[in-house]
Amino acid sequence: MRGLLSIMQAHEEIIMKKSGLENIAPALDKYTAGPLADLWKRPDLPLRDRCLVTLAALIAKDQRIGLPSYLVMALENGVTPGEISGMITHLAFYVGWTNALSAIVVTRDVFLRRGVSPDQIPAASPPLLHLDEAAENKRAKSLHQQFGQIAPAMTHYTASVIFRDLWRRPDLSPRDRGLITISALIANGQTAQLPFYLEKARRDGLSDTEAAESVTHLAFYVGWPNALAALSILKQTLKTP
Amino acid sequence: MRGLLSIMQAHEEIIMKKSGLENIAPALDKYTAGPLADLWKRPDLPLRDRCLVTLAALIAKDQRIGLPSYLVMALENGVTPGEISGMITHLAFYVGWTNALSAIVVTRDVFLRRGVSPDQIPAASPPLLHLDEAAENKRAKSLHQQFGQIAPAMTHYTASVIFRDLWRRPDLSPRDRGLITISALIANGQTAQLPFYLEKARRDGLSDTEAAESVTHLAFYVGWPNALAALSILKQTLKTP
Amino acid sequence: MRGLLSIMQAHEEIIMKKSGLENIAPALDKYTAGPLADLWKRPDLPLRDRCLVTLAALIAKDQRIGLPSYLVMALENGVTPGEISGMITHLAFYVGWTNALSAIVVTRDVFLRRGVSPDQIPAASPPLLHLDEAAENKRAKSLHQQFGQIAPAMTHYTASVIFRDLWRRPDLSPRDRGLITISALIANGQTAQLPFYLEKARRDGLSDTEAAESVTHLAFYVGWPNALAALSILKQTLKTP
């Protein structure tokens, strides 16, 4: 299997050899080769999705040290350059513009090294995906009632830029946008908006098993405390708890 | 207008050319030239204040990648070197000493390049601004009641170093201290202390419109989730919601 | 006293000379030589513990800029290379794998420069410390009731890897694991799990005074807002408030 070989090579490169992990912290090396490597092979979340989740977490935390290797791992396991481009653009709005910029700088180098060509990069203004007007109007109305009076610009940008444009871009499926948004929220410990995005992701095709397994995966990349906080929210949003 | 030209040049330098943004993520390039550039021109918050807010967010998040360009933008739009020095000192107490140190290292280079002279840097111990004894005693009493017994050193430092010294330094106006404190709290998702600092900033001359527009500005730099969480708090603190 | 001399030298090196602090922000320089230097001398928390607390905060925040100097300070004040190795391994689970990796890269250089030898590094799989089966079963049962159904892998890893293995490793005492876990939670503003870990640390020998003083120490390194949020939780968990 190309996928698992690539994971092992990436771990080898990222974590073990370069960093001197086996000399400085043999126990962490053991946990990397044991539970962490096992995690990546668990069937409850496809390998490609684990790459998306990990990249979203690293971009959310602005951690550039592992980013090149995980970008390579993503490209070798079914994530396209266009999806990576779309992901960074998407996350700019959820974790801040300068995190996206940091990611762009690293990604440019990886794309150059791998010979990604310009036609693999999504256009600035492609035809947009269908909009569920009813759901969007409901969302807009709710935000308007909350903040329409004190911050009309926020409600305006949220509708016109985020939900009527960004989320409809075809470079990333709505389900994948949900997955990376949830991952970014968990990485930054932002539980307040998780229910909204969990529900939206479910409507867009993310299963409860995939959501729970994403949290389990994130436990290793953003720490147990953020993962446990997310599980509490996830449990509350489940129809059959 | 020098200001807007400088913004465009800074964006050009920071975000577009250097990073390869237009090649890697044309959509993010489009959003940068569109909504983000528009944001900087909105009249509800002066350009100078937008610079303060952005710098505070970057220092709070310890993001050094954009810091040089935004420091230059600040200096070209009415923020003095002394205010930048005062800001970093102030934020040391609100986001941690090592974030301030990171910012100092970057700022030193920018100041050197621009020939900032020693007389533009605020003295270590200047005459302090007037203290509102009544307000400070009220604050001190409240903190003492909460934590005087379990952490007397905290209540001591909070009074003697932060409110009786730092906030009274003349290198930054109390209103600007409020603005950057609020920005740092929002950048780090720390909503618990927002009501206190929003109320204080209001007394020190920050309008509700400026506060709300600061949150809108921050949405782009620290992500929508932190901005929306801040708006909830802001709304609760408004007298006329 | 070797300890205090070393602190002053480290501060000198880290903060004052290298960064140009005295030229860019004389006030911050003053606060560093005043309240911050005083803090390190306060008797309520041993110097060695202050090193652990500071390192945990820097690793939690992924701040590599001060890390080398604080690692040296730790090594010169009673923290062993094995404890540092154990600490990074421990924190991987609490703040994320890539933070630990960042720390490893920096630590490797420090260990090399100081001639740390391989026999000072803890083995991957040493004999483990005694397990309090009753307490662990109670913890496992509680987590299983919460999340056993929606995320069985999380409850599995939490028991088998974290509480039945990691916490029992002899390279760091349970009391010190508690201290660094609490510090990491405070550094990242994660208050939800503080009560559990404060109670556990208390059982493992951390006094309430040491806990409160750790929070006071952290105020300077992770900012006042996170420290005040932690004090609220600490106060609630005290038996005699």
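In order of appearance the chains are A, B and C, and numbering begins at 1 in each one.
By definition in this document, contacts are C-beta pairs under 8 Å (C-beta built on N, C-alpha and C of every residue); 3 or more make two chains touch, one makes a residue touch a chain.
All values derive from a computational prediction rather than experimental measurement.
Visitor: Mapping chain-to-chain touches, which pattern fits: line, ring, star, complete or other?
Guide: The chain contacts form a complete graph, every chain touching every other.
Visitor: If more than half of the interface residue numbers appear on both sides, call it same; otherwise different. Which is it for chain A and chain B?
Guide: different
Visitor: For chain A superposed on chain C via Cα atoms, how large is the rotation, as a multiple of 5°?
Guide: 120
Visitor: Chain A to chain B: how many Å between their CA centres?
Guide: 28
Visitor: Where in chain C do residues touch two or more other chains at once?
Guide: Where chain C meets two or more other chains at a single residue, that happens at 189.
Visitor: Under the touch definition given earlier, write down the residues of chain C that touch chain B in their complex.
Guide: Within the complex, chain C contacts chain B at residues 14-15, 18-21, 23-32, 34-36, 39, 42, 44, 57-58, 61, 63, 65-66, 189, 208, 212-213, 215-216, 219-229, 231-232, 234-235, 238, 241.
Visitor: In their complex, what parts of chain A are in touch with chain B?
Guide: 62, 85-86, 88-89, 92-102, 104-105, 107-108, 111, 118, 121-125, 146-147, 149-151, 153-154, 157-158, 161-162, 166, 169, 171, 184-185, 188-190, 192-193
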